[in-house]
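Presented below is the structure to which this report refers.
Chain nomenclature is as follows: A, B, C, D and E, assigned in order of appearance, with residue numbering initiated at 1 for each chain independently.
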Amino acid sequence: MNLLSLLIFLPLFGAALVLFLPASQTKYFKWITLGFCAVELLAAAVVYHYFDLSNPSFQFVEQTDWITLSLGSLGAVSIDYLLGIDGISLPLVLLTGVVMLVGAVSSWQITSRQRAYFSLYLLLTASIMGCFLALDFFLFFLFFEFMLLPMYFLIGLWGGPRREYAAIKFFLYTLLGSVLILVVMIALYLSAFDPYSSLNAQTIVHTFDLRYLADGHNYLPNSLLNGLSAHQIMGLDARLFLFLVLFAGFAIKLPVVPFHTWLPDAHVEAPTPVSVVLAGVLLKIGGYGFIRIAYNIFPDAAAEYATLLGILGMVSIVYGGFNALAQSDLKKMIAYSSVSHMGFVLLGVASLTPEGLNGAVYQMVSHGVLSAMLFVVTGVLYDRTQNRQIEAYRGLAKPMPAYTTLTAICFFASLGLPGFSGFVGELFTLMGGFQSEFMPKWIATASTLGIVLAAAYFLWTLQRMFFGPLWTQKGVESLLADLTPREKIMLLPLAALTLVLGLFPHFIFDITSATITEFLKKFSLN
Amino acid sequence: MEFIDRIFSTQSLFWFLSFLTILSALMVVTSKSPVYSVLYLILTFFCLSGHYIILNAQFLAFVNIIVYAGAIMVLFLFVIMFLNMKEDEAETSPTLIRTLATGTAIVLGVTLVLAFSTVKVAAFNPMAFDSQVGMVKNLGSVLFREYLLPFELASVLFLIAMVGAVMLGRREAGDRHF
Amino acid sequence: MLPIVLLSVFGIVVLFLGFSKSKNILLPATLLFLLVTLIANFVDWNHQYLYFNDMLWGNNASMVFSGIVLLSAFFVVALTRGFEQEGEAAQPAEYYGIMLFSLVGAIMMISYENLIILFVGVEILSVSIYILTGSDKRNLRSNEAALKYFLMGAFATGIMLFGMALMYGATGSFVISDISEIIGTRAWNEQSQLLYAGLLMLLVGLLFKVSAAPFHFWTPDVYDGAPTIFTAYMSTIVKTAGFAALYRLLAGSLASLQDYWFATLATITVLTLLAGNVTAVYQTSFKRMLAYSSISHAGYLLIALTSLTAKSQSSILFYSLAYSLSTVSAFGVLILVSQQQASNNYDAFNGLAKKNPFLAFVLAVSMLSLAGIPLTAGFMGKLFVFTDAAQKGTIWLLVVAILASAIGIYYYFRVLIAAYFKEGDLATIRIAPFYKVVLIIVTTLTIVLGLFPDLVLQLV
Amino acid sequence: MFSEATAAIPDVIQQVKIQHYIFLATALFVIGIVGVLTRRNAIVIFMSVELMLNSVNLLLITFSAYRSDPAGQVFVFFIMAVAAAEVAVGLAIIVMIYRNTRTIDVGFLNKLKF
Amino acid sequence: MYSDFGQILLFIIVAIAIIGAILIANKIIRPNLPNEEKLTTYESGEDPVGNANVQFNARFYVVALVFVLFEVELLFLFPWATVFGRPELIAQTNGRWGWFALGEMLIFVGILSLGLAYAWVKGYLDWIRPEPKKPDYALKIPKDLYQKINQKYSTHR
């Protein structure tokens, strides 16, 4: 079996194992999950080891025919099981490996319905991996939408008091996103074709292969999405319109500001490991979708709307920052900080410059590590006192010195202190914004406000919660034990990772740059 | 004589029968008592049989009398009699709904009539015309040669109807009423 | 042809088996008969047949349609458990016999060539279902459902027949291929009003049967009132057969008039989608919700029908298979739960997952499939149907359909929320092994078809 | 007047336009629909349906006679036969309901809400 | 265009006219002196009791139903009878037609008779007899007393 298939099927196998083991083995479920996540990370590392950094195209490509639909006189539609990896997806695959492992450790405190929990968790891992590896749009969509189900149940079954509401809200929002993506997929379906298979089969073979979709020559003349045909939908050029639809679909996932309201609810109600996965990996699929799907298929529209997208990114950054400042719930504050940080990703992608795109991928990885850490930190406190209100604590530094140190590290890293990964990501995306020929400079300028805001809310929170004399609202000082070894195991590597990435950003840039340079050639033509 | 000829033509018979058909059909729908409705319905069927006869479909005219007026209507009357329905108790359908329904149906009718008034049905070919089409001999050979399959399958329908009707219509042990 | 003969004979055999002392033989016998018929159904594979002076017509697609109907019937019959729980009043031999007979009607509706076969088929199927609906004689709701269904069905038949008569007036034939030929030559121009009015009424009559809006108002009451097992039966079989009949009519003889009927049918499609989905949201009873959901699925099937592309047939085929499978398993779970709780409401499912994880899982897969979530057959079905609309280029229809399916998620998930997230006192439900096997097969099929739709599509 | 060719043709076809028959059938059909929609007594509704079926029969026989094509008349034959079966079942349902409720007014049957 | 059907119309009209005329003449000529006795419904001299619409017994229904279905079956026999023995058809098919037609009808009638047999065996056609209650009050007279008396008088005859 190919390495990439292994990445997808390994957790599936784990899920099946958990599902079918007898109930007497329940105590081993978490170990099995942990083991599979570790092997998963190892496999991702092996992929990295064999990955050719100088090769900008897809590697480890794996293709099997899956569904063939005959359309009569209109040819056929071929949907393939098609996997591949390049410089954009590899960092995210590695990130997934890391975050899922951390999430598995963090799942230790789950005590109810373990069989269901761990099988869903592994299922989620498989579908996330599938999303990053799929090269067939249809396959991507399947993984993308299937991901919602385990997530829905993970939030709905193990979440907080308002979990039902949060779960269905999460589900409906993201489903709306995937429905929008589905619309584009259906529109694509009769437009694009696979030139090689069509030649062999003597008939038109329509395809969802993203490699072919990227090439404007593979659209049938006068079809809906051919760049030269002047089809219009609601007064807009069809390509522009469908780009916006696709963008909206991924923007919900990212989330970009007008579509973000599900995120705080989902985060507040989700259990810690699910929050970790949600912020650490799931949001990245939105950003990945922009690059891999939306920009790949509609480069012309992406250039056209760069300003709009840049502004949306800027709004996300600033609006998320202000909202984070206003929150009293620590977890909600972090959720809004995620909105703000993911805004940088959008800004970087929209800039269409090497700096911006590299920065965006880097920012995704960095935010994945940092948000995982932030949610673990929150979870630590919540586990002890069942209370996440910022005002409920003062002077935590005294009873919990190690906890305070690690929290401070991740807060500083998140607010973009040089030396940590957050700084590099924000710097590069902003640089991209400044250098972009596609959008005005004031967008990037305004976005810098986000950094200031991040500094404000993180430092203010740090100051309020950790310094000064010890005090808690409900007199729960006795519960405030310092970090357990398990928590340290989660937090220390993440802290090390953010430091390493911050000091040696070329680990990521080495992987991404070749692919992104190639990717951007499309835009330089315009 | 010419005048009398015109009065006692088939055309006049058509008008006479049509008038009677429509009138009795209206009475079916408007009668207060279901018993009267059934009787008017039987009258309607007789009128229709008259139409069938002048259309040279003698066999069907006779079948119509036997099946509809004879069997089906007897069954109806039967049910009405042993359900012991006197004057239709409470015809409580709201007036508004009745008016609306009638209005809609009449609009439908007028639309159809207007649409059909311009229809030109292809003139019959006098040379190929076979006036014996409606005779039992002719229908029999069509029925038993070309329409063999639906004929046999109709028996399945009868079987279902028999089993089902007997099953549903039978009084169960312990039923309160008759 | 063979399945029709076999089903008639088997129906009679089952009817008379009811006189034997051992009632336990009925269920296995019926299942065996259905299985034999299912196999016999495919004897003409890869032949296009025309039987009895242009009465029956069939090809692979119609055989697969019949196969779907027979398969759904098989599953539903398997879920009846011999009607042992219905008590003394139940008459299993009659029920099974009538079910087998009704399939004769369904197959006639699928493979008719002469409109008379369509008519007799519709009647056989409808009359059987009137009887089955009213089979719970002492239950007033069942009685009322039967009466309502009967009156509405007879009314619809009247309209359908008027349509057939007008079409006969316009074209002079009842044979599908002849009608198509006459329409092709445009020799009917002078009688176009007759043809148009006839076509419209014929469609209305058939749309009544598949409960498309605005002719759907009887559906919720009838589905709700009928005994649950027969609700499952009619919501799968009548729908599949009805759509096969509609497809045969539209594709077989009226394809060249698409410009004419497209607008009408598209409007009906939109109405059906909206009526079904929006009303389903307000239901508190799961059974009633399934009734409305069946209306909304009629809407999705209508999309494929309205578009009438080369692929429509396989879309309808796949969709009805996916729909039938999920509906069967949903009703299968409902029967067990409502027996325990004496209620069909959503609340009855509270806490199902805790003590009955298997049933909850079956329910989840079926709801996901009905909602059209990927990796289930329902998703593929929806995708095919949507692509039909895209192929025809009716974007607005597509938009409505997608909105409708988004609404669908809400009400399908309500029962999942009840089953998984709510606390309830549902005890462990004992499931007969055979019942369990059926549910497993149906659920597996739903997932397998979601992964490999080719398995069915390549048949056509 | 009685030419050789038209001798076999029934008078009605020569004297009455086919439209008149179509109108008559349509009128009966509409009367039937009105009955179904306005009456509440199940038996009367059912009778109105029978009226509709008869209008169909008339229409089919008309077309059949004017076209001199037996297919229409055979169809009518089937409609009559099938109607009988339907009536048997329908009346059985009505009897069953009357046993349980002592009424067959469809309006009284509102256990199930519309 | 006086025709055969015109004659029928004439016949109908004349019939209606004559009946109407007779009834009207009757009305004019007859003396009209009503009293209560005369106005009651005529029931062979008995006093009428209750409504004229007497409720039938539902046990008739099943029989009526089966009758209707068989009557329709009968209808199919009429056209069959005309084709069954038609010589030209028999000649066309080397005599097979007769057997074929017979087979057709046998299947049809057979299926229907199976339905009848079903209803019969099931007991649906059985008359539901009213079961008169046997009086169970205690008699003071010993039972054999009657027997003795009966015997006594029977031997005398």
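The working rule: a contact is a pair of C-beta atoms (placed from the backbone, for glycine too) under 8 Å apart; a residue touches a chain by one contact, two chains touch by 3 or more.
Owing to the predicted nature of the structure, the values given are computational and were not obtained by experimental measurement.
Visitor: Taking contact as defined at the start, I'd like the list of chains shared as neighbours by subunit A and subunit E.
Guide: Both-contact set = C.
Visitor: Over the chains that touch one another, what is the least number of steps taking subunit D to subunit E?
Guide: Step count on the best path from subunit D to subunit E: 1.
Visitor: Measuring between Cα centroids, what's the chain most distant from subunit E?
Guide: Max centre-to-centre separation from subunit E belongs to A.
Visitor: Decide which interface, A-C or C-D, involves more C-beta pairs in contact, and give its chain pair.
Guide: Of C-D and A-C, more C-beta pairs in contact link C-D.
Visitor: Could you pull out the chain whose C-alpha mean position is farthest off from that of subunit D?
Guide: A
Visitor: By C-alpha centroids, what is the most central chain here?
Guide: C
Visitor: What is the distance, in whole Å, between the centres of subunit C and subunit E, each centre taken as the mean of its C-alpha atoms?
Guide: Roughly 42 Å separates the two chain centres.
Visitor: Which integer distance in Å separates the CA centroid of subunit A from that of subunit B?
Guide: Distance between chain centres: 71 Å.
Visitor: On a C-alpha centroid basis, what's the spacing between subunit B and subunit E, in Å?
Guide: From the centre of subunit B to the centre of subunit E is 22 Å.
Visitor: Measuring from the mean C-alpha position of subunit B to the mean C-alpha position of subunit D, what distance in angstrom results?
Guide: That pair's centroid distance is 4 Å.
Visitor: Find every residue in subunit E that makes contact with two or more other chains and list them.
Guide: As it turns out, subunit E has residues touching two or more other chains at 1, 3, 5, 58, 61, 65, 68-69, 71-72, 75-76, 111, 114, 118, 122.
Visitor: Where in subunit D do residues touch two or more of the other chains?
Guide: 11-12, 15, 22, 29, 32, 46, 62-63, 67, 69, 71, 74, 77-78, 80-82, 84-89, 91-96, 104
Visitor: What is the complete set of touching chain pairs?
Guide: Final set of chain pairs in contact is A-C, B-C, B-D, B-E, C-D, C-E, D-E.
Visitor: What residues of subunit D sit close enough to touch subunit C in their complex?
Guide: Residues 22, 25, 29, 32, 36, 42, 45-46, 49, 52-53, 55-56, 59-60, 62-63, 67, 69, 71-72, 74-75, 78-79, 82, 85-86, 89-90, 93-94, 96-97, 100-101, 104, 106, 109, 111-114.
Visitor: Which part of subunit C faces subunit E closely enough to touch in the complex?
Guide: Contacts found on subunit C: 8, 12, 15-16, 19.
Visitor: Enumerate the contact residues on subunit B facing subunit D in the complex.
Guide: So the residues of subunit B in touch with subunit D come to 9-11, 14, 18, 21-22, 25-26, 28-29, 34, 37-38, 41, 44-45, 48, 51-52, 54-57, 59-60, 63-64, 67-68, 71-72, 75-76, 79-80, 83, 85, 88-93, 97-98, 101-102, 104-106, 108-109, 112-113, 116-117, 119, 121, 124, 126-131, 133-134, 138-139, 142-143, 146-147, 150, 154, 157-158, 160-162, 164-169, 171, 175-178.
Visitor: Which subunit E residues qualify as touching subunit B in the complex?
Guide: Within the complex, subunit E contacts subunit B at residues 1-3, 5-10, 12, 51, 53-62, 64-69, 71-73, 75-76, 78-83, 86, 89, 101, 104, 107-108, 111-112, 114-116, 118-119, 122, 124, 128.
Visitor: Could you please specify the touching residues of subunit E with respect to subunit C in the complex?
Guide: 111, 114, 118, 121-122
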